[in-house]
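Chain lettering (A, B, C, D, E, F, G and H) follows the sequence in which the chains are written, and residue indices restart at 1 in each chain.
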Amino acid sequence: MSGNDIVFDFSRAERIGLDEAVFCQMKSATQIDAILDGALQRDAGLLLTRIDPDKLTALSPAHQERIDYCAISLTAFFGPLRPVASRGAVAIVAAGTSDASVAREAARTLRHAGVEASLIVDVGVAGLWRLTERLDEIRHHPVVIAVAGMDAALASVLGGLVSSAMICVPTSVGYGAAESGRTALNAMLVSCAPGLTVCNIDNGYGAACAAMRILATAARMRALG
Amino acid sequence: MSGNDIVFDFSRAERIGLDEAVFCQMKSATQIDAILDGALQRDAGLLLTRIDPDKLTALSPAHQERIDYCAISLTAFFGPLRPVASRGAVAIVAAGTSDASVAREAARTLRHAGVEASLIVDVGVAGLWRLTERLDEIRHHPVVIAVAGMDAALASVLGGLVSSAMICVPTSVGYGAAESGRTALNAMLVSCAPGLTVCNIDNGYGAACAAMRILATAARMRALG
Amino acid sequence: MSGNDIVFDFSRAERIGLDEAVFCQMKSATQIDAILDGALQRDAGLLLTRIDPDKLTALSPAHQERIDYCAISLTAFFGPLRPVASRGAVAIVAAGTSDASVAREAARTLRHAGVEASLIVDVGVAGLWRLTERLDEIRHHPVVIAVAGMDAALASVLGGLVSSAMICVPTSVGYGAAESGRTALNAMLVSCAPGLTVCNIDNGYGAACAAMRILATAARMRALG
Amino acid sequence: MSGNDIVFDFSRAERIGLDEAVFCQMKSATQIDAILDGALQRDAGLLLTRIDPDKLTALSPAHQERIDYCAISLTAFFGPLRPVASRGAVAIVAAGTSDASVAREAARTLRHAGVEASLIVDVGVAGLWRLTERLDEIRHHPVVIAVAGMDAALASVLGGLVSSAMICVPTSVGYGAAESGRTALNAMLVSCAPGLTVCNIDNGYGAACAAMRILATAARMRALG
Amino acid sequence: MSGNDIVFDFSRAERIGLDEAVFCQMKSATQIDAILDGALQRDAGLLLTRIDPDKLTALSPAHQERIDYCAISLTAFFGPLRPVASRGAVAIVAAGTSDASVAREAARTLRHAGVEASLIVDVGVAGLWRLTERLDEIRHHPVVIAVAGMDAALASVLGGLVSSAMICVPTSVGYGAAESGRTALNAMLVSCAPGLTVCNIDNGYGAACAAMRILATAARMRALG
Amino acid sequence: MSGNDIVFDFSRAERIGLDEAVFCQMKSATQIDAILDGALQRDAGLLLTRIDPDKLTALSPAHQERIDYCAISLTAFFGPLRPVASRGAVAIVAAGTSDASVAREAARTLRHAGVEASLIVDVGVAGLWRLTERLDEIRHHPVVIAVAGMDAALASVLGGLVSSAMICVPTSVGYGAAESGRTALNAMLVSCAPGLTVCNIDNGYGAACAAMRILATAARMRALG
Amino acid sequence: MSGNDIVFDFSRAERIGLDEAVFCQMKSATQIDAILDGALQRDAGLLLTRIDPDKLTALSPAHQERIDYCAISLTAFFGPLRPVASRGAVAIVAAGTSDASVAREAARTLRHAGVEASLIVDVGVAGLWRLTERLDEIRHHPVVIAVAGMDAALASVLGGLVSSAMICVPTSVGYGAAESGRTALNAMLVSCAPGLTVCNIDNGYGAACAAMRILATAARMRALG
Amino acid sequence: MSGNDIVFDFSRAERIGLDEAVFCQMKSATQIDAILDGALQRDAGLLLTRIDPDKLTALSPAHQERIDYCAISLTAFFGPLRPVASRGAVAIVAAGTSDASVAREAARTLRHAGVEASLIVDVGVAGLWRLTERLDEIRHHPVVIAVAGMDAALASVLGGLVSSAMICVPTSVGYGAAESGRTALNAMLVSCAPGLTVCNIDNGYGAACAAMRILATAARMRALG
């Protein structure tokens, strides 16, 4: 089962409007190199997620040269990057500095698709003034991605204050009763604020895809009049 | 702590664009009657959820007369119903007949807010032809709510076939390893299809609210041009 | 093993400053009657918790006459009630109407010991204005008991706004990912607000006892100068 | 407790038709060497599972020379390999590239017993066309082993499309709500497709053994007429 | 959503060789009656599972007359029953009398499809002689369904003694650490005997379907020669 | 997202009477250095928690010189330390030597705030005499922090013997059924001793903050008379 | 599957020294009557466990006459009772009155086998004096069964004070974090006192059997000299 | 908190007949050295458990010289070893070679106390003949410790065949649904064989202590006549 066995879904964008990204955690450098070769042949840009620095440096040097890497979110842009096509539509709001890697994964996934998101971090509710100071800024964005771990109270507070579409991402930050993010996940699912939706723990990539589905929906409805 | 103690949030719609509904499961008929009195005074319509037939018939007869009840979804419309303002925007797709009560709760919540959703049931993936027959119809809707219990495979299959915004609702249908809906919830959260978002188990109301946030987002973006 | 077998701890108050209450859920009416006989002989007042209306009416009529019952909290005062010795020291803050029975159990336990608590309900964070309107009132109390189910975000928000001693009680309100109160419990334990302490799910009685320990501590430290 | 203490079951094949394999994860190289010595004396071939490269190179050089190793599945054939006695009876279908190691463990276990399976990978349902393209090929095999992690939707979809005997193997691929394979396991157990059977998480070896029991059953029934 | 909404899969047998059964637990008598009407029109026999006596007597009298009911397994045959086409191929072995309802559900499902299984009960391993006495009888069956709750040790012991294809069904018998069948399920999944496969807790119906897949596989391989 | 992005809450003490500490586990040395720079500019002392020796030595040498480090509790005092303002108010009682790091984290957090606690270790109930010998000493403290892992029986025994305010901290000591501290946490929550309150597993810092809230409450009530 | 299908193990006592008891929870009155008929024919006495009053009165009147019933422990002696052969060997110590039904089940199981145990109840550690008062009495018994729910601290305290063989039974008393007895079970398993052994939640019958195995062991060793 | 802070319980043997052992997993070499110094001063022998080779070689060389180490069970005897006082009383039976480290920990703990146990390994029930071959030998021992992981079926089978006192130890062997030993633990707790008692996962030390309590009980009863 060499890298060649991988049936990469280069036509996903046509089908559901979302590029397939390369989730690198379970793949070897050899397997990733094979996928990048395929992309190169098609002249396609690619997003790589969960690629740690060791695996990055194990890729072929020619591939490494074409990569724009972010060590905080462990994401890489391979090949030419699309120009920014949308600004101000998506806010990514993170409760604490420890949630930054997940927030960045979402931001980079959006950027790879041409969407520049606003990143607003360290606004956890334990210091409510940090959040209220920036509330107007957040409200301006029709789509809000809320990233929070531990008690995830940020999601409930935000959900009661803004009318935007809300996508919540629990993070695995914390210890003990945080249960590797399960508590944040459950708290978001049972939030007293109505209409929140939730992604898997630490899944910044998925939240960005969900935001893009909503932006596409909005574009489609605009087209319909 | 009489019904009078309840601080009902009649201004929620102005703040976040969603009416507060009355979740009746933990409330006594006396408490609900008090809320309905308040609504009557303001001439406000109200949605009641999780109200079983026994509690319904325990309400004051005058209130019962103003109620349009649905025994499948355990929801009630109190007072005048808004006209339908939107059609064709939201599809609610349910895997099995057992998921119908949740699907109906979502449909009725949307209807109460003036959104008429398309209800497509019994399209579980064990008989894939049932789903593919109706795929074009589903795709026409910019927002899709997928309702499924047990293995929740419907969500993954749909998510790989449509580009609409996807809101998934796991149901507590099933026994044993279904773990009261936890398996469906987890399966939706880790779906191999990208960009799915998930609500709490059996939370048709929440999924409808999430759909309304997306419709509002689309309207807002259209307004911005 | 008749009721006579029960070794009731009438001297607990002398030892740790807290009366033993009668937890009625697992006891038969016969067993409770036997304990009440013992209390009558000593002329002691008693608090009964988790006694539902059916069990209450199964007690001996003579005992029922000496009882002040609260159907919301399922608590009963048996015999003479102590005068109120303290006011304004403890606030009990509850997120939703569904949390009221637990909040009341705490209030009644305190009242039985001569402490009149302030009860502030329906101030969940989904409508943050409900809470901020009453924040100054809450802050005036040196001890705050926060009662909340589901996401329990109230505890975190309050904990970041008041300097009082904070005792949190998760409730079993909610369904699905609320996991019978486990999510609220965990969220309180991992709250981003520092110095919160937590009691068992639905344990209003225990929270009241914890508050009394703190009041006793304060009295003792005052005595020391 | 030296390697000599191990009571290896060389006669298992006679009893239940399946060779005992050497599960190496919990065994030291010394213990494995002792078992291989015993096999050598009996001139028996052996299958080793879960043997990582480090442990392999710690075996005695003489043993290493007699080993055919597969680094993807961490399996080793020791000694002479049986000729292929059956082809086309078993298909191993895997959802993603990350499931390949488990799929290979199953394939190698079958091969060691003389059964050559067809390996069909990267046919997850998020890109349903990948699966439908190869459906006819899969259907030709009377026994199908379905390997999938995360939401395990592949099992349900396949189960509704093929009439073959189905053995499902959940994998521990994924993070967060994937719960180390528990979600895939549960989803397979509660699949809406009827008649699926399930093995332990990542247990490719067990699935192969189950397939061999079925092939033996078929042979036995053929013999009976 | 009347009974008419149900899209019953009358052609499932052609597709995957298994009739669709009517799982009655979540369906109302009205919904079931509608399905039976449909069956009557097609002159099709139907199997109903998880139908308790109360629901049975709520069906239309005309339908009740066509039903052969088994109160132990809560199954019903509707309409004409196929003749027995196969005998001696499947043994259903149950550990204790408490497991009998699940064993019977499997037997009745097989019988409905024309397969007469041998039922061997009360052979738990705590009295190993009960099992060994009947071992030769069990071994004669090419397919063995093992039904056991609690520690499920029967599955491991049988799996080490017979070469037949083994389908294990954990039951929810027991209390405390039995965890509603989860312990039996897990014990079967991690059995030290190789090649066992497992169905959902209490899923006698599913085990029977799995057995039928294996019998069909055997028939198909016989046809191939 | 450089260290500059962190919005450190230097005014927390004014708001809720507790300094913000720097939880270092999820922060890089660079991020911590940036926070320490900010503290230096304000001439503020800081408490660092969960900082392991490797991360400590990765800080800028100038910062390291200003640090008083404790390797047992992984805490560091940065900058000038407040004088001790309170003695004899808080006892920290730990069941075993393995609980010492958590007990020390609590003691150091209190010391940083000017409160010198009494540390009483290795008084687990398996040797009850160890505890009873020191009971009078413990009782003298109006606030008691009980630190225990595994069965956490120390908390229940102490709670039945002292009238002080009790803050319990479960620890993650132990294996198997200790479930990483979850058993100790649950045992403390359901203690038969009334009025215990509980913090997150291993959260010595949180317990100290809770103790400071109580001391502040006592001071405030003394001021009120 | 009539009662006749049950293969009752009347010879168990000869094999392992313990009579088989009839666990009635999952059996119908008809099935129990059939077993009692069998016992009557052999003139054997029988112990019935978990038989509630409703099931008792559904037995045949002739059988009821031969039954000595205990409503607290839901146990019944059928037929002639053995004389007491041993006294003073086993103490059953229960933490609270709510644990009494389990303690009684153990006492009655022992009594049925001719062993009279000492029953010591309501000695939970929250009032340590209750336990220490009776410690000498407990110590006199070579075998101690400790029954406790919630935090199960009684087991640890006793285990550190007595040298007897200790059998612990967790009970399902309590709510919330008591997790239906799982917390007590885990706390007993990880007790800091050495050499405790544990039975399933609420399993008074099993604890009695374990005590009888120990008494038989002692008798056997005495015989050996 | 230096090693000196440790209050080692050198008088435990007098109190409950069991020496305190040194559980080394959570202790530093410095702390262990301090305890060994104390033992040396009292001329006491000591048992060390869970001490890995790295920690062993970090002890002071003088201490290392006095140590008899076993790398399989990670146990060490420090100082003079008691002579063997008992033989043939305890059998330790282990299901697989992977369970050997736990079985050895039990054997070494017993040996340290002067009890020589018989060690019988690799007798799992998947090859039932391995067990039945040695059954008579096992039956000769009045106390049997059964060590097994995964499905733990050995405990149930043995429990139905021998009348000895049975102490079961689940092990953390296995993966996936083995759940780190939780499945084996639960299966032992709900075994269909009566009178089994269970220790914590991997707790060979605890099982040995339980065996010693039983031997002491037997000796005491013999003394009583």
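Simple rule for what comes next: a residue touches a chain if its C-beta (ideal position, glycine included) is under 8 Å from a C-beta of that chain, and two chains touch if they have at least 3 such contacts.
Everything quoted here is computed from the prediction, not taken from an experiment.
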item: Any chain that touches chain F and chain B; value: A, C
item: Any chain that touches chain E and chain B; value: D
item: Pair from B-E, B-C or A-C with over half of its contact pairs in common with F-G; value: A-C
item: A-B against D-H, pair bridged by the larger set of C-beta contacts; value: A-B
item: Greatest separation from chain E - chain, by CA centre; value: F
item: Chain B onto chain C, rotation angle from CA fit, given as a multiple of 5 degrees; value: 90
item: Distance from chain D to chain C - Cα centre to Cα centre, in angstrom; value: 57
item: Cα-centroid distance, chain C relative to chain F, in whole angstrom; value: 27
item: In chain G, residues with contacts to at least two other chains; value: 15, 126-127, 159-161, 176-178, 185, 189-190, 193-194, 200-201
item: All touching chain pairs, where touch follows the definition stated at the start; value: A-B, A-C, A-D, A-F, B-C, B-D, B-E, C-F, C-G, D-E, D-H, E-G, E-H, F-G, F-H, G-H
item: Complex contact set, residues of chain A against chain C; value: 95-96, 124-128, 150-153, 155-157, 159-161, 174, 176-179, 182-183, 185-194
item: Chain D residues touching chain E - in the complex, by the definition given at the top; value: 15-18, 20-21, 89, 142-143, 159-167, 185, 189-190, 193-201, 205-206, 209-210, 212-222
item: Touching residues (chain side chain B, partner chain E) in the complex; value: 72, 97-98, 100, 104, 119, 121-123, 126-127, 130, 173, 175-178
item: Footprint of chain F on chain H - complex, ascending; value: 1, 5-7, 9, 12, 15, 25-27, 31, 170, 172, 180-181, 185, 200-203
